[in-house]
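Below: the structure, in structure tokens.
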Amino acid sequence: MCRWMAYTGSPVIANDLLFRPEHSIIVQSLRANLGHVTNGDGFGIGWYGTGADETPALYKSAHPAWNDENLREIASNIRTPLLFAHVRASTGTPIERSNCHPFRHGRWLWMHNGSLANFEVVKRDLRMAVDPALYPEIIGSTDTETLFYLALTFGLTEDPPTAVARAVGLVEDVGRRHGVEYPVHMTVATTDGETMWVFRYSSEKATSSLYYSNDAEQVRRLYPDLEVLDQLGPDTRFVVSEPLRDLPGAWTEVPEASWALVRGGENHIHPFQPSSP
Amino acid sequence: MCRWMAYTGSPVIANDLLFRPEHSIIVQSLRANLGHVTNGDGFGIGWYGTGADETPALYKSAHPAWNDENLREIASNIRTPLLFAHVRASTGTPIERSNCHPFRHGRWLWMHNGSLANFEVVKRDLRMAVDPALYPEIIGSTDTETLFYLALTFGLTEDPPTAVARAVGLVEDVGRRHGVEYPVHMTVATTDGETMWVFRYSSEKATSSLYYSNDAEQVRRLYPDLEVLDQLGPDTRFVVSEPLRDLPGAWTEVPEASWALVRGGENHIHPFQPSSP
Amino acid sequence: MCRWMAYTGSPVIANDLLFRPEHSIIVQSLRANLGHVTNGDGFGIGWYGTGADETPALYKSAHPAWNDENLREIASNIRTPLLFAHVRASTGTPIERSNCHPFRHGRWLWMHNGSLANFEVVKRDLRMAVDPALYPEIIGSTDTETLFYLALTFGLTEDPPTAVARAVGLVEDVGRRHGVEYPVHMTVATTDGETMWVFRYSSEKATSSLYYSNDAEQVRRLYPDLEVLDQLGPDTRFVVSEPLRDLPGAWTEVPEASWALVRGGENHIHPFQPSSP
Amino acid sequence: MCRWMAYTGSPVIANDLLFRPEHSIIVQSLRANLGHVTNGDGFGIGWYGTGADETPALYKSAHPAWNDENLREIASNIRTPLLFAHVRASTGTPIERSNCHPFRHGRWLWMHNGSLANFEVVKRDLRMAVDPALYPEIIGSTDTETLFYLALTFGLTEDPPTAVARAVGLVEDVGRRHGVEYPVHMTVATTDGETMWVFRYSSEKATSSLYYSNDAEQVRRLYPDLEVLDQLGPDTRFVVSEPLRDLPGAWTEVPEASWALVRGGENHIHPFQPSSP
């Protein structure tokens, strides 16, 4: 599987988000605590600037994140209020930039940890369900990209939770028609640059981990001497595959089968249920 | 566009095929005489061993061919009776290994110079025409790979000329339905390891160049002092986008709108016509 | 050889510097007009931010500049008053990031088109002349990097023209002791982030081309309808291996055997002469 | 640190050496049991053919070994009686091909797990001790490459154990002059294509692991049902950083501070002691 990290809050230097935490996403590319221990099959970051209506930029590479010299250089020069970072452990598809996350469509970013089971078997049916106008944009071979385009087909840019529910519903439906027992396994993050939506769901109801950081003020009161927390504004929110640092009280698990809307400092959690097409 | 070279004949060291000629395929990656001058968007070689029923091996990379140190090393250690080599100039799709030629399916190899016009527009219809059992094998985003899988769908492994005619016919048909004036431009080589089939055709009837080498004995009589020719057995046949060396009398152009079967030292040319599906 | 471009002036988006000109440095990576036509053996950009006393950032890669998707993304997000860009054609050393220009030492950047003749023969003597405190910083195998460290040894950060004159003098001296007729060929640019120094010199007195852009106002008066010029502030100065666009009156050649100091909108040219050690 | 594997014996397909063992060198690139767990900072293989006086070929890449598609292809086509394989975990120098092992000089190969402490500090003195005629061949920045060239300087091609003892002696001497407490940590393998010499030594006398496989017949008697052993001829000998499979009785540790000569099926171990220059 993979590991990912999403940040929203006051503009900060990307280098601080990617490299400074004790158990940063970069550390997790080399040695994660949970899931697939090494995530060295490529990485990617996507980030927004501080202007309005900006298309996010991407820096993605098939190289491991931990040894990419350019990433450090670039990240030191990015100041961003919203960043997605992903380190990949391939579930079989080629190791190349077009298969790295996050994926982008207009102002939207999408990243994923998990897989669509037996993707080779269901791929054609899923790709055929993608809106023909969107289909040409698919350039890689990952299940993640196809799931993204299904969500876009079902109206991600209008109503993300509904769109994702329908996309997952379709994948489960197609999967079962092909005899796949547990078609979907996902923790997903998607954003339009202002709001972030995260999802934790698997057909087997035993999903890879997902955590969000608690309210920044709350965490500061718990750890008044931890200087690094001074860097973080009141609206800070991280959503992560695994905590960036072992700080009891700083992280809350996103429940199984749920989705959350994250904006400003707020974080609203709801049950997630696929909707059958 | 791209440049390619196919060799069939007595087993020779791949290094001699790739690096020795005055205007080798490697020289053409940096500076070709015709077509797209620099072909530095990746390369690939596919080759067969001397045993029977062997699957060909591939060495492909997104790096330019002219500066790949591993290619020289590997090529010095390959002895082969049949080799395909291709240097790429992308027509827009990503620069990655899954988009490098030659493509392989079982014992078959396929490479291409040219393009399917407005591929983004016709891609979905073409992909949908691929046999569902073959569809999952498509992992890149090139028009070449899709054309290969259409040819496989139409029976390439049974009757290559017919299969390619039907594939091209389909692409032209789909193209015209989408308002594409000249849907196909191709010089293609494909092989099962024993026989090679080459094609030169474009909807506009103005196709990129394609040459085959004349009978080795014939060339030797023309150039008795050219030592390098001593290396080549009587069954030697090259098919190339552009001549490996300017030797009048050594090369014959494959006519516009034709295909040729190359096996042993023989080389039979026939008219090529797409067949409408 | 290689091609390079240096920009100093009002802060602009790097993408505009790298990709917009008709004959941009990116176009030159694929097809330059002068020198070595294809410069696809890696590239690099180094840039300063708008703050004071900042260390420049680098983005360098062994891939060709023309097909690097990350470069476009990153360059769109860089706003800089001083940028170096270089596209490489290797003179024999490996194609890897540590051999890409520009090179960096503290706040200084350095890039080069040319070569130190018979570098293999003189390399040891030159490396031994590098200040032992600086020696460990050398991590690649290019002549350019060694020349940079010789210049640093001779006081580049204090007095660039004198330091470069001494470095070149040493290389010529060592070269002649080893029977090298014309030891040095260079166009070089170096900067501390505020001032830029450029050099054009070769032992043979037949150096690769180097141009600087004329005063921006002057060029605007010549081409009042050329909108792109409106983007450029009054202090704009480009120094380039070859003009970014064929605009008579917009470019002046840096004379053979000279150096220039470029700062603000000013551009002072002086004769360059190696000083024997 | 790194992991390596050396094989000598009857010619076998490289793919079987690299990919088939339960805990193969490729598995170790992703997850080793000992030392540095992930060794994803590049890899390399060097191998000899079956002819006499052949220069070994190299396939090296800065990418992780576990996800390199070309490696599988190439390895399936290599039949070799002697192969070196190395997966790298960088101790700080750049991740690029020129820093991957094995290193080659003429017919000789060299690979290393370990490091020369404070290399930055001692690098200049060590490089200056390299024979000036050999110095130009050094193209990377690793301590391993410098140690190799010191060994060559001290007569590796004539008398490997003596040469390595002198090289290590020099490094310890230089190290101590610079205040480095434990200058050398190494397990090294070197070969001329017929004989292999391996070394296990560290200044601290606490060296990374090194094992050799026991006599093939002996292992077959212990495990008569283990089919994979049938592939291995009587002269088979592996020397490895860690066992390729947990088979009690199949592996013997190379003692601390010793060297061994491996040829034919023989394996002679001797004490190793640096000789002060």
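Chains here go by letter, A, B, C and D, matching the order in which they are written, and residues are numbered from 1 within each.
To be clear about the criterion, a contact is a pair of C-beta atoms (placed from the backbone, for glycine too) under 8 Å apart; a residue touches a chain by one contact, two chains touch by 3 or more.
Predicted, not measured: the structure shown is a model, and the values here were computed from it.
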Discussion item. Please tell me whether the contact surfaces of chain B and chain D are same or different in residue numbering, using the over-half criterion.
Written reply: same
Worksheet item: What whole-number Å value describes the gap between the mean CA coordinates of chain C and chain D?
Response: 40
Worksheet, complete the sentence: Multi-partner residues in chain C (2 or more other chains touched) are 62, 69, 94, 97
Practice prompt. Work through the pairs of chains, note which ones touch, and then classify the graph as line, ring, star, complete or other.
Written response: complete
Worksheet entry | Touching residues (chain side chain A, partner chain B) in the complex | 62, 93-94, 96-98, 120-121, 123-124, 127-128, 132, 135-136, 138-141
Worksheet entry | chain D-facing residues of chain A, complex | 30-31, 37-38, 40-41, 62-64, 66-67, 69, 90, 94-95
Response to the item:
In their shared complex, chain C is touched by residues of chain A numbered 49, 57-61, 69-70, 73-74, 76-78, 97
